[in-house]
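A single structure is presented below for examination.
Should a chain be cited, it is by its letter among A, B, C and D, assigned in written order, with residues numbered from 1 in that chain.
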Amino acid sequence: MRYVKLTEEKLYDFLEKLKEYGKLYAPVKISDKFYDRKEIENVEDIAFEYVRTIMPAKKFFVPPKEKMFDIDIENGEYKENVENVEPFVLFGMHACEIVALRILDAIYMDEFADIYYASRRKAGIIIGLSCLPDEHCFCNLRRTDFVDIGFDLFLHELPDGYLIRVGSPKGHKIVDENPSLFTQVTQKDIDAFREFEEKRQKMFRCYGSFDNIRYLLELTMNDEFWDEEADKCLGCGNCTMTCPTCRCYDVQDIPSIDGKEAIRIRFWDSCQFRSHGLVAGGHNFRPTKKDRFLNRYVCKNSYFYPLGTSYCVGCGNCTYFCPAGIDFLGNLLKVRSVGEAEVKNG
Amino acid sequence: MDNVYALYKCRVLRTYELTDDVRLFLFRFENPEIAESWTFVPGQFVQLSIAGMGEVPISICSSPMRRGFFELCIKKAGRVTSKIFELKPGDIVGVRGPYGNGFPVDKFEGNDLLLIAAGIGMAPLRSVFTYALDNRWKFGNITVINSARFGKKLLFKKELEAMRDVAEAENIRIIQTVTRDPDWPGWVGRAQEHIRHANTKPEKSYVCVCGPPQIYTDVFNKLIEHGYDPRKIYVTLERRMKCGVGKCGHCIAGSSTFLKYICIDGPVFGYYDIISTPGLI
Amino acid sequence: MRDKMKLKIGVHGLTSCYGCQLKMASIKELLEVVERFDIEYWYMASSKGEIKHVDVAFVEGSVSTAEDEKELKKIRENADILVAIGSCAIHGGVQGMLIGEEYKEIFEEIYGKYEMDFEGRIGEPIKNYVDVDYFLPGCPPEEEEVVYYLACFALGSYPEEKDYPVCSECRRNGYPCILIEKGEMCLGPLTVAGCNARCPSHNVACIGCRGPLPYNIAWFDSLAKTFKEKGFSKEDVRKRMEIFGKQYEKMDEMIEKVFEDEGGETDQE
Amino acid sequence: MKVERQIRNDHLARIEGKAGVVVEIGEEVKAKITVTEGPRFFEMITRNKHYEDAAAICPRICSFCSIPHKLTPLEAIENALEIEVTEQTKQLRNMLYFGNMVESHALHLYLFAIPDYLGFPDAFSMAKEYPDLMKNGMELKNFGAMVQNILGGREIHPENAVVGGFGKLPNQQDMENIKKAAEKVKEAAIATVDFFAEYEYPSYVNMPRNHLAIKPYEGYGVYGEEIVASDGFSFHVSSYKEHIKEEVVPYSFAKMGKYKDSPFMVGALSRLVLNKDLMDGTAKELVTSYEKFLKAENSFANNFSQAIEIVYFTEKIMEMAENIKIKEEKRVMPEKHDGKGYAVTEAPRGLLIYEVDIQNDIVKYMNVITPTAMFLPMMELDAKKMAEGMWNDGYKDIDLVGKKVEMVIRAYDPCISCSVHVIKL
């Protein structure tokens, strides 16, 4: 891998430069507690301390709502609405988010490639950023706390700048075209990088193996504590909407008032909603709130073959953004049936 | 890159009333090239789109041997299907597909074939059946058990009825049975109760089952009781679907150790998939 | 495929603020609506017309007088499809909060002991009197929903109904969650979506004006529990939830359940 | 009395709400406005609610004036809790209120009243022959709606206006858009005045009338605390109960307001009669040059007055949008939790009074008097005058008389929903 260093003084120059490669999106503080990725005009607005954004990065590739077709009803014609996406830069992507995008890639592009997704994905430049976990993060358990591929550049915080891993031809290009921004990585930087990684590793809420979780989950689905947890659930869908890998969508045709045209739109759906499992005739494959509640646990913990991970990347969004305060990791730990303290020591 | 959600125009050629709420539609692709090249495996389905109304997944119920044409058998169930129901010859619809894995008909060759359908479940099985008829020499004995609650609800009743006598001579047995119809002159009872009347030899039979989820367990038990090989039992499953190609997430089913998309990993599943996966049926 | 005949529609108001009709009268496509539909009656907007057969009748307002009931029944008899439009028609509206109270007592409290020429009642949703085919929620409904419903009927189909909460739209738009951030009693989780999370978009907690979710998936109990954990009392919770939720039979019971362990403790006024 | 002829319309069309009219013609002529719209008891449903919730319920009294029914209780609550909102909030609230004036007047004039003037049963059929006229109406209405959407968060039931300020403030771009939109509709506004300044009022309804309106805090505004009458008397809103009395009649769920025991008028006409000198700009010019259409003694002049107001408020919105520099500021939260407060504003249809008593953040008592309840007796009197005059003049076509009676009623722009949601006095 190629490494370069970006010194603190050059940071804003670098960010400014990124704008030349496409519209720059980065996390900004949108309210007292929350962050979201927005288009950046002034690079000094960028929030580096953020842990998670209220809308996951999937919004750039599968927008919350998008028009797929313009439909001419009378002639039965469908005109696809695929935009010509201009290049854009996503700055500040954490490791788990990058893995999440790779999961979406596999879903959307491996088989029956989705042109809407693909055209955006092609245009997106991904700039990673190292982070420190909070109490909801468990990417270490999901083994998504460090990424090897899926980014163009990845910035690792150093006391006086950033150690950058260059991860793609686009990344090389950015480095090559701006030699004045970067310097060589020194031994001191390597030590600092190591220190940061060690400090970070010690900060997670718990440790150990999570590989057996899907079996344990399957075996404990009838445990009583699930009833209690499902009882707390509001069925609001915040967990799935803020999940970086949840991507269920619904499709609807909206006719115009004159009945001549319609648009076919798709928009984020959630398995926490009643109609998600409903089929014509009234049969519902997930009729109760508990069924729906558990469905997310089942789905997120299942094995995602193409990447050899689970669908869940351990970002903790679903817990952080759950208005009912339901602790996803906490519940999984219960499934593992080990007290948290023990896990920490283990 | 092609848009997987793009639709081929198809024209309705003929409609035929099967029951009061199920109709059979014959379609042809408007584009002759596609009509020529388009093919499928029995058990696969298409996404059928009505402009301004939406799309629905529908199993193809005709035989793949008839190029350029295909039949869909549709039950009036909700918004889109009600609209489909009103289609008349000459109307245009959008179709994409075929999707799903379909039945492994190649593996079936040289064996007996037992098809067990309940209600609308006859639709995908009719495709297997007509395929087998078109390739009669490749298969051994065939039994079709077609069940419904009332005689007037039996799908393809006349079609099957008409061939019954000829069929026996060809080692094809047709059992049409109803559960709640005192006026029905034929077989009565649920589909599984007639497994014993099948002409298929359990040890060399493949079995396809399609119907509402509630019947599967009973049917399996009966099949095994009669000595059918669990490895040779297939079912087709149903879920809500919006895309048909593994994107929209609605048809994901199963449990954390075996999570499947009904649309791309199914809709046809084997017996062991089913019993080792809570939540699949 | 489409029927070339114009669809006949009627619009009617019982007791309400007339906001739903006003919304219908002020949609941008109004003139197209007039073109494409035969408006058989719409008292608010037209002097012509009387209640006669229509394909679709839209009824706004709650049943609050004997007169309302008579009229509603007449509308039902004459309409192939009846759509309840707005919170008053669907849930009784804010006046539905009085359900369970004695009409006479309230009347006397306000008007004094007085004999009126007409019989008044506590406002009730129209489904308590007639069969309703579709519900178009809102207080008032959003313009695009009104258009969507009309367009679907005109195509000979019917609208897809929403059974998911305002939160979903709040999330799709990335508004900061008020419930989490400010700990205010946002009713987004149990209110039927469609407004595109209008209030949260203005940094104001949802008061549930579109009414609770249908199909028994408005989780008053779970939300009450969440509010309770944030320090609200049973009275606080009930008063807020009842504004548009009182008609939901199980509301009281569900709130009660959450607070029952505390006995009378939180039950202060 | 032996009734010779009767005019009866149980369901008046093209008004907001459900009301009828009965005119009996015999030795004398009697008229009754029957308000059959059911009562909704807002006093009961706002009682024991948190003040925020109570303020959110109030707009549901009436959609046409949901902005006044939000801003007036907010003012009453803020008075009760001694909240002093910022200058910017006051400005924006004014703008929001003015937006409602424009929309409400435009709707009333174009959808309800003008078809009368031109002899159409509704605006839709009118639109076919007078497409430009209808376009004007729609433009004005859409402009008002836009202002309400931006500032109120919604054109009907404005949830963005909250105690102490706004949920979310508009930005400078919004202001720019409002200004542009206002410039665009100015022509349409003036055309509305021109339309009404051609019309001869029926003289049957000429009579001396007492007009009541607010004494605005500034300009020809909608906020104030003093109420002035054309008889020269004035009083503070807190003593409203002494001066405006309400009666119950068996044929109406709306109460009937009386000032000094007689019917009185409120609304656009009253405002102009009392305050036209406070106007400026184009509206002032128009009202001066069309002075003869501003007849204090004839209720039809109300429509003309509404048209003038559309011009005035449109221009004001434009000015304000141009001058305001939006700055980020937080809502002002109360330090007090108890208190009594009053507020009066000029809703499109006239005076709107709110009284509220809050204890420990909970509304213990709330009272509202709406303009329609105030002018109902006057409206009844006008209906009678109209029928009587025509009858005596030899018009025996009862349908025609009925139509004219309806027309005078519509000239008031009565808001029945408001009137029946009147709360205990």
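The rule is short, and it goes like this: a contact is a pair of C-beta atoms (placed from the backbone, for glycine too) under 8 Å apart; a residue touches a chain by one contact, two chains touch by 3 or more.
Predicted model, so just to flag it, every value in this text is computed and none were measured.
Peer 1: Work out the mean Cα position per chain and let me know which chain is farthest from chain B.
Peer 2: D
Peer 1: Using mean C-alpha positions as chain centres, tell me how far chain C is from chain D in Å, no decimals.
Peer 2: It comes to 25 Å between the two C-alpha centres.
Peer 1: Would you kindly tell me how far, in whole Å, the mean C-alpha position of chain B lies from that of chain A?
Peer 2: Here chain A and chain B have centroids separated by 39 Å.
Peer 1: For chain A and chain D, what's the span in angstrom between their mean Cα positions?
Peer 2: Averaging C-alpha atoms per chain gives centres 52 Å apart.
Peer 1: At what distance in angstrom does the C-alpha mean of chain C lie from that of chain A?
Peer 2: Centre-to-centre distance between chain A and chain C: 37 Å.
Peer 1: Which chain A residues sit where two or more other chains touch them?
Peer 2: In chain A, 73, 252, 255, 259, 275 touch at least two other chains.
Peer 1: Residues of chain D that contact two or more other chains, please.
Peer 2: Residue numbers touching two or more other chains: none in chain D.
Peer 1: Mind pulling the chain B residues that touch 2 or more other chains?
Peer 2: 52-53 - these are the residues of chain B that touch more than one other chain.
Peer 1: Which chains touch, pair by pair?
Peer 2: After working through each pair, the chains in contact turn out to be A-B, A-C, B-C, C-D.
Peer 1: Which chain A residues qualify as touching chain B in the complex?
Peer 2: Chain A residues touching chain B: 68-69, 71-73, 75-78, 80, 82, 107-108, 111-115, 118, 213-215, 217-218, 221, 246-253, 255, 259, 261-262, 266, 269, 271, 275-281, 283, 285, 297-299, 301-303.
Peer 1: Taking the touch rule as given, give the residues of chain C at its contact with chain D in the complex, in rising order.
Peer 2: Those in contact with chain D are residues 13-20, 22-23, 25-26, 28, 30-31, 34, 39, 42-48, 62-65, 67-68, 93-95, 97-98, 101, 106-107, 109-112, 114-118, 120-121, 123, 139-140, 198-199, 201-204, 207, 209, 236, 239-240, 243, 269.
Peer 1: Please output the residues of chain C touching chain B within their complex, sorted ascending.
Peer 2: 1, 155-158, 160
Peer 1: In the complex formed with chain A, which residues of chain C make contact?
Peer 2: Those in contact with chain A are residues 2, 29, 32-33, 36, 147-148, 150-152, 154-155, 160, 163-165, 167-168, 171-174, 176-177, 179-182, 186, 188-190, 215, 217, 219, 221-223, 225-226, 229.
Peer 1: Chain C touches which residues of chain B in the complex?
Peer 2: 52-53, 79, 82-83, 86-88, 91
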